[in-house]
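Chain nomenclature is as follows: A, B, C and D, assigned in order of appearance, with residue numbering initiated at 1 for each chain independently.
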Amino acid sequence: MKMKKTAIEWTIGAAAVLAAVGCATFPDAQETRGTAESMVKASFTAPTPNLLKRLDQDRAQQICSKIGKAELTPAEAAEVVKLSRASIEYPKSGKFAGNWKAGAKLAYDGGGDRIQGGRLEKRAHNGGLCQNCHGLEAGEVNVGNVGPALTGYGARGNSEAIAKYTYERIYNAWTYFPCSNMPRLGATGHLTPEQITHLVAYLIDPQSSLNRK
Amino acid sequence: MNRSRRRVLELGGGVAALGAAAAAGLIPAGAAAAAWNKPGFESKAAADAIKSLGASGMTESRDIAITAPDIAENGAVVPIAVTSRIPNTESISILAEKNPFPLAATFDIAPGTEGYASVRIKMGQTSHVRAVVKAGGKFYTASKEVKVTVGGCG
Amino acid sequence: MAEPMRIRATLQGDVADVRILMRHPMETGQRKNPKGEIIPVHFIQSVVVTHNGKTVFDAQWSQAISRDPFLGLRIKGAKAGDKVSVTWTDNKGDKRTDEATVAASS
Amino acid sequence: MFTLRSRIAVLALICLFAPAAGAQNAGAGLEVGRKMLLEDNPGELWIDRGKRIFHEKRGPKKASLEQCDFGMGPGNLKGATARLPRYFADTDKVEDLDSRIVTCMVTLQGSDREQVKKSAIGRPLTDGSDIEAIAMYVASHSNGMKMDVRLDHPKEREMYKAGEYLFFRRSGQTDFGCVTCHGQPDKRIRLQDLVNMLDKKQIQAVAGSWPAYRGAHGISRTMQWRLYDCFWQMRLPELAYLSDVSIALSTYLNYQGNGAVVKVPGFKR
């Protein structure tokens, strides 16, 4: 025979539940931000104070760090685009497309700029990191897919306008796609304007290995 | 943790130059040296290594199965299992053809033990992995390509 | 001093499926330490497996065998309780012997 | 001109969590190898090694770690790591597996905390560190049990929320946060599958697989190393061992992985 709970038992049960819920409050967004940001300040080491600054977010990075399913508002997106456009520096040569062979090397170069054992990775120049995330030459299996495949990118032509657009896309991808996963390779200083022109050539030059059938 | 990254990266170089010390005669004779196939393990060409096993001619055999990944995520640890269904299998050898010293292992198998061996090898680059089986005094072979992607994730 | 092996020997029908893990650096002789000095070549050259005292499997290895080596083999005509003994010997003459009992399949 | 080292460095990847062997989305070409490596995992040897070190009388106080309390009472290891990170009253801190081992090496054995931390992450292709071995041994006592991280204490909830915030926080030369690589399904960095940490099933596939034997390093690794390596690849400064950021991220990720069955050692490429 099943026992029927008395009203008093129910009341006690409900109070316990309420108490438990009351206990289990989480710090709010403001508080969490404060806690986490102080943690960031205390949790990393670097060979120079300058390198520690990498942890500081710029305005665009702050906007782009949406928690969970939170979405970018149109105003925020517009601000990121504006900041991004303003960040772009164009190559001194005035030419957007450099040497595609140099670009191909860069595309497969995933090194440079990392910090380990109290040292900054010593490199004449940083790698382009492309292979990590993008399909490149047709048939190359050892490529990532976090970004879209760039195989045959040159099909859209190699006009000046395409070259400029491509340059800007690499220099600061957020100019066109605010907060996308694509690193702002020129704007953060990871690549030089000249290196980016080589990547542009690799993408749009009809002779480039990327555009060979 | 200093320079740990560099040391991992040097592994690739180590694999590539694998066995140079053996060739230079730097390997002291261990207790098992009597059985250890020095000329075979020091051969730089797969053909020479195979000769050292006593095989002059080999027959391609479908009764040899090589279990290995098509793509190895890490050339330092490539699992290879060889099963020989050829009766009276006496030995199984495993070669990574493009390793600087191709012969990686020879397993002598007593009657009553299955023609099977599973092991892990280092591979410097994409290569055919060849199994050479000696059975009833004759030699049989099979191979499988294993693509090696050095490094990979962190 | 060499660390113990892990040996699993499990009966499948009348075949003992033997799986051995060994701790060994399997140095190629080509790697450098952080000071830039070559780490001497150091690898297991031979692994001998006996079943109730009788040699059933004799492996010869090069430095191309991976660090912390694994060896798998299958011994026919085995019963639960049989002894499987494994001895490895490396190029420096270091040795290690460990023994396991064949277990009925679980 | 590229040196050999830099050429190989080119091949290094940005990746936070390599999926457990046998995880989803692996190409069939990779699957066979992953299965073989996981079945006979050299990480097992670290359980034995950790056991020896754990029970050995060591340090200035010549004591073993047998009385270490991993949250289930002194000496009780069963299921302990499935509950980590968690709040410990004696230190008034949320601690993960590494942190708790260090705490016990200091309190029970009298070791110097900074000295212990210095050697906690072993160099690749060496014998690794004592802590890495002890961690594997301790974690092996939770095998078969479900991850069950709780947020009962306010400090646990604080860590969890901070971890969540940090997971989504983007910074540095690559504008990366954890979420960049681990927030979408079916993604890959080169050939490495990326676990989508925002998907319960996917995170459960890896949550119970640490500590793990790292094939390329030839030693056992803990989550502390895994997170350190993430930040290295993101081009950020070096994550300090046992730092609050590391504990916060572990708390967030392990909680997300609740329900995953612990199976260590894992095997990571």
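Throughout what follows, a contact is a pair of C-beta atoms (placed from the backbone, for glycine too) under 8 Å apart; a residue touches a chain by one contact, two chains touch by 3 or more.
No experiment lies behind these values; they were computed from the predicted model shown.
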{"item": "Middle chain, criterion being Cα centroid separation", "value": "D"}
{"item": "Interface with more contacting C-beta pairs, comparing B-D to C-D", "value": "B-D"}
{"item": "Averaged-CA centre spacing for the pair chain D and chain B, given as whole angstrom", "value": "33"}
{"item": "Interchain centroid distance [CA atoms averaged], chain C/chain D, Å", "value": "29"}
{"item": "Distance between the centres, which are taken as Cα means, of chain D and chain A, whole angstrom", "value": "24"}
{"item": "Whole-Å gap between the CA centroids of chain B and chain C", "value": "16"}
{"item": "Residues of chain B touching at least two other chains", "value": "1-5, 7, 10-11, 13, 71, 76-79, 81, 118, 120, 147, 149"}
{"item": "Junction residues of chain D, two or more chains touched", "value": "9, 11-14, 40, 123, 125, 189-192, 218, 232-233"}
{"item": "Residues of chain C whose C-beta touches two or more other chains", "value": "19, 31, 34, 67, 70, 72"}
{"item": "Touching residues on chain D, where the partner in the complex is chain C", "value": "40-42, 44-45, 48-49, 123, 125, 213, 218"}
{"item": "Residue ranges of chain A touching chain D (in the complex, touch as defined)", "value": "24-27, 32-33, 35-36, 39-40, 42-46, 51-52, 54-57, 61, 64-68, 108-111, 113-116, 118, 121, 123, 127, 129, 131-133, 141-146, 181, 183-184, 188-190"}
{"item": "Contact footprint of chain D on chain B as seen in their complex", "value": "1-13, 67-74, 76-79, 81, 118, 120, 147, 149-154"}
{"item": "Residue ranges of chain C in contact with chain B within the complex", "value": "15, 19, 28-34, 40-41, 45-46, 51, 54-67, 69-77, 89-93, 95"}
{"item": "Residues of chain B touching chain C in the complex", "value": "2-3, 7, 10-11, 13-22, 26-33, 35-37, 41, 76-79, 81, 96, 99, 101, 103-110, 112-114, 116-123"}
